[in-house]
Amino acid sequence: MADVQSMHDDRMKEIDKVGVKNLRYPIVVLDSRKEEQATVANVNMYVRLPHNYRGTHMSRFLEVLNEFRGRIYIGNIHEVLTKTKQVLNSEEAFIELAFPYFIEKAAPVSGARSLMEYNCLFLASLNRRFDFVLGVEAPVTTLCPCSKEISTSSAHNQRSVVRVRIRFKEFVWIEEVVEVIERSASAPVFSLLKRVDEKHLTELAYSRPMFAEDVVRQVAVELEANKKVTWYAVEAENHESIHNHSAYAFIEKDKNEGKGPSRD
Amino acid sequence: MADVQSMHDDRMKEIDKVGVKNLRYPIVVLDSRKEEQATVANVNMYVRLPHNYRGTHMSRFLEVLNEFRGRIYIGNIHEVLTKTKQVLNSEEAFIELAFPYFIEKAAPVSGARSLMEYNCLFLASLNRRFDFVLGVEAPVTTLCPCSKEISTSSAHNQRSVVRVRIRFKEFVWIEEVVEVIERSASAPVFSLLKRVDEKHLTELAYSRPMFAEDVVRQVAVELEANKKVTWYAVEAENHESIHNHSAYAFIEKDKNEGKGPSRD
Amino acid sequence: MADVQSMHDDRMKEIDKVGVKNLRYPIVVLDSRKEEQATVANVNMYVRLPHNYRGTHMSRFLEVLNEFRGRIYIGNIHEVLTKTKQVLNSEEAFIELAFPYFIEKAAPVSGARSLMEYNCLFLASLNRRFDFVLGVEAPVTTLCPCSKEISTSSAHNQRSVVRVRIRFKEFVWIEEVVEVIERSASAPVFSLLKRVDEKHLTELAYSRPMFAEDVVRQVAVELEANKKVTWYAVEAENHESIHNHSAYAFIEKDKNEGKGPSRD
Amino acid sequence: MADVQSMHDDRMKEIDKVGVKNLRYPIVVLDSRKEEQATVANVNMYVRLPHNYRGTHMSRFLEVLNEFRGRIYIGNIHEVLTKTKQVLNSEEAFIELAFPYFIEKAAPVSGARSLMEYNCLFLASLNRRFDFVLGVEAPVTTLCPCSKEISTSSAHNQRSVVRVRIRFKEFVWIEEVVEVIERSASAPVFSLLKRVDEKHLTELAYSRPMFAEDVVRQVAVELEANKKVTWYAVEAENHESIHNHSAYAFIEKDKNEGKGPSRD
């Protein structure tokens, strides 16, 4: 049977990324207590394709994925990419995994326990060097400082989504990033709250009014101080309760800038 | 050229709906001041297919749509469906149009004018009788009565989405439904607000705390009293600022119940 | 602390459904080999609220969910709803679970094994009687009979999505529904295919051209013959390769019609 | 009334982007015949915020948008950004507009005319220098060269989405980019096709089999040769008819590389 993909291509165009996209696959992630958590990821896998080959062999990405049988941790992503480069005969491989991750939280006063969901992201590539980005998205409450200041009582508040992406030189757990985000907002968000908790969080948010701008700055100050983190990007999107659009703020910082190249 | 669609089918299965789905098309809608508004609709068009035909002629739906060239009002939907039945040779035709609709609103104190977007829906069918459902979705602010009651100050509030669908015997404008929704919530939502407006709306919402349950009941009470409306379904979904999930309430009511059949 | 939700409401409006919506939660589903599969569900839980209560107690839905700790099978949905009715003090409870479900499939010629994802749905309610709907969505290949007939070679084909919902009097596994769908299309779809499989499936699809209309009829004929199934709704949506919209067909059938009431 | 946003901030963190996101707004776009097309855009507007200010004034973005009253062309984006910088007192402003754009096409044999929808994008920023990226997304048909080669007849084919983004030194119309994409695939896609057209396109696609890799290379070769274009990024995503995931290819090229900096 002809191998059309391996045929020669003379258009002299190297392809930056070629592979499979939007594949859903069950994976297992380690949490900070070293326990396994089963979840479902949206998976993209690509390689760089030299200019002289017509196509890549898409089925091999699936074979790599099957070989690791969904047991994909931060700790073996390097191995997954090494295998991908090898079986696809490429100099560079990429993997992107987006998945919901659950953390058990205790409500602030009642202590009632429930599971909160955080959307997470692993973005990794391997050529001669290995690059890994951890992404964590956490919902929080923000309460508007301006509205509080000018109103005789109350202040508009809303659910906001904070997205952090980091590169690190020493391992950082998803849980650590969630904690940074949650203490940088007006209040954290929970699945299960009793009335005493609702009172506590309403008053907490009112005592800590924050703009989207405040949230990203607060997160940035913490990540700046964290010696393990080498690069970060933070965005806050407030689903404004008085508007039908979002208020948005974004900060990106490469701590190595001036000290050599970094890539996105 | 063979007409495969017109071939005989002997599986004895009538098909309830067959046609085209998720087609985007520019349309023109009349607003309550009788002015035309250009927008873009997501369009579904179907017919009922008798058991003895193998398939429908999909291209004819597009020809009907082109013939009306996007000039599709509530007022000519009956004509569009009559034409669809005729060219597709069917006893029943359906059309579904979902589109953003813009209303110019003045901010409550400053009077600053801006455009607010409302997602609207026309659902219509024609067999021997004509059925028409108008759907209107409006974002609003809701402020939690429980949180207000138990907290020393403030209360959690959030953006909510209220969706109303109605059948009527006398014409009802989209603007009328928007007004019912907006006065049934803690506060309406605007695109452009100056500081004086933000103060007003913060205080207004705090003076009118409402659960999702309150909002759907308030809308239902108004639609119940409106003689033009014969059927309604109302749902409120609060994007809770203290949770990562929504609070939800739903009421449906057919005023003709007991007086004969209605369909959905 | 005041219990605002339990206050009296005099608007005389019963609320059909009130509860929590769009909550993501890890669940465990039993597969047809009686093995457990961990996945993540989108969860909605509602109750009917009598006209004289102002609100429901949203946190109690979470307590029920936590009590079952994600161990939610078709087999204990009745128990979950009984508990929901009880703790929320309501006459009717609803639960809706949407989740990806994975089945290991062998490629048709090479036998290469991989996981395929199917979106599934449990829709259940309990008042005096228990109602349960199983939903299964499967991607398939459809190849256009008209295009094949009129073209000198080849035929346009595409990925289609077939959605089946059923009510049954004897238990039906997700796997059974997937099999009905996959044999009712031009060809099934796989995650991992080697070249021999791709050849086989290309030729299979070309030998079994099917309109969206054919697919829903074929599924309907099988479900009609299946004694366990009491009600079904089938839709096929072809993501046409020659258009930017879908071709769509839908059949619904209540086998008990004329024999007493059914509800949706 | 206190101006909380203008208060001093001492966290020493400049914010890269702050503003409004996911606002829907009616706009008017000029087409290549110099005629106006009304459509609805998703709008993001941001500015850079110096480290010493606590927040930005979100309402001013809306005032700028209202001032231009939706009359936003490629030609006046520079003016919109100049105004944004001025009223928000910032050194850098950004605008992102995503909108459906319609082109009337004639079917290849019958000449039947219909409207096709293309998702377009304007991404612009202004500091001392003006940066503008035009994005165009077009659906096309791709037919698999491997499947054709190994199968006795037919070949799997599917709808693919090709996304092109370009920077240019001389004006390029959306229509030009659409044409490049459509002639780089196995076949173009239409809204309305008669049987003679369907035959033509089926045979055309079979005569021009293309991988996702071929499509992005073909587009890249054309954009490379186009003197007006200074930078491009091309991606093709095939919604594989034999899989439930996509095949994907991506090429990016800055023609000025080595000749000075470019930004994204």
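Brief remarks follow.
A, B, C and D label the chains in the order they appear, each numbered from 1.
We take it that contacts are C-beta pairs under 8 Å (C-beta built on N, C-alpha and C of every residue); 3 or more make two chains touch, one makes a residue touch a chain.
All values derive from a computational prediction rather than experimental measurement.
Shared contact partners of subunit C and subunit D, listed by label: A, B. In terms of C-beta pairs in contact, the better-connected of the chain pairs A-B and B-D is A-B. Greatest Cα centroid separation from subunit B: this falls to A. Each chain gets one centre point, the mean of its Cα atoms, and the points for subunit B and subunit D are 30 Å apart. Distance between subunit B and subunit C, defined via averaged C-alpha coordinates, is recorded as 25 Å.
Annotation: 35 Å between the Cα-based centres of subunit A and subunit B.
Multi-chain contact residues of subunit D (touching two or more other chains) are listed as 1, 23-24, 117, 146, 150, 191, 193, 195, 199, 244-245. Those residues of subunit B whose C-beta lies close enough to touch subunit D in the complex are 1, 3, 23-26, 37-40, 59, 62-63, 66, 100, 102, 112-115, 117, 191-196, 199.
Residue ranges of subunit C in contact with subunit B, taken from their complex: 1-2, 4-5, 9, 11, 13-24, 44, 46, 49, 54-56, 58, 145-146, 149-150, 211-214, 216-218, 220-221, 237, 244-252. Residues of subunit B that touch subunit A in their complex: 116-117, 139, 141, 143-144, 146-148, 150-159, 187, 189-191, 193, 195, 198-199, 201-203, 205-206, 239-245.
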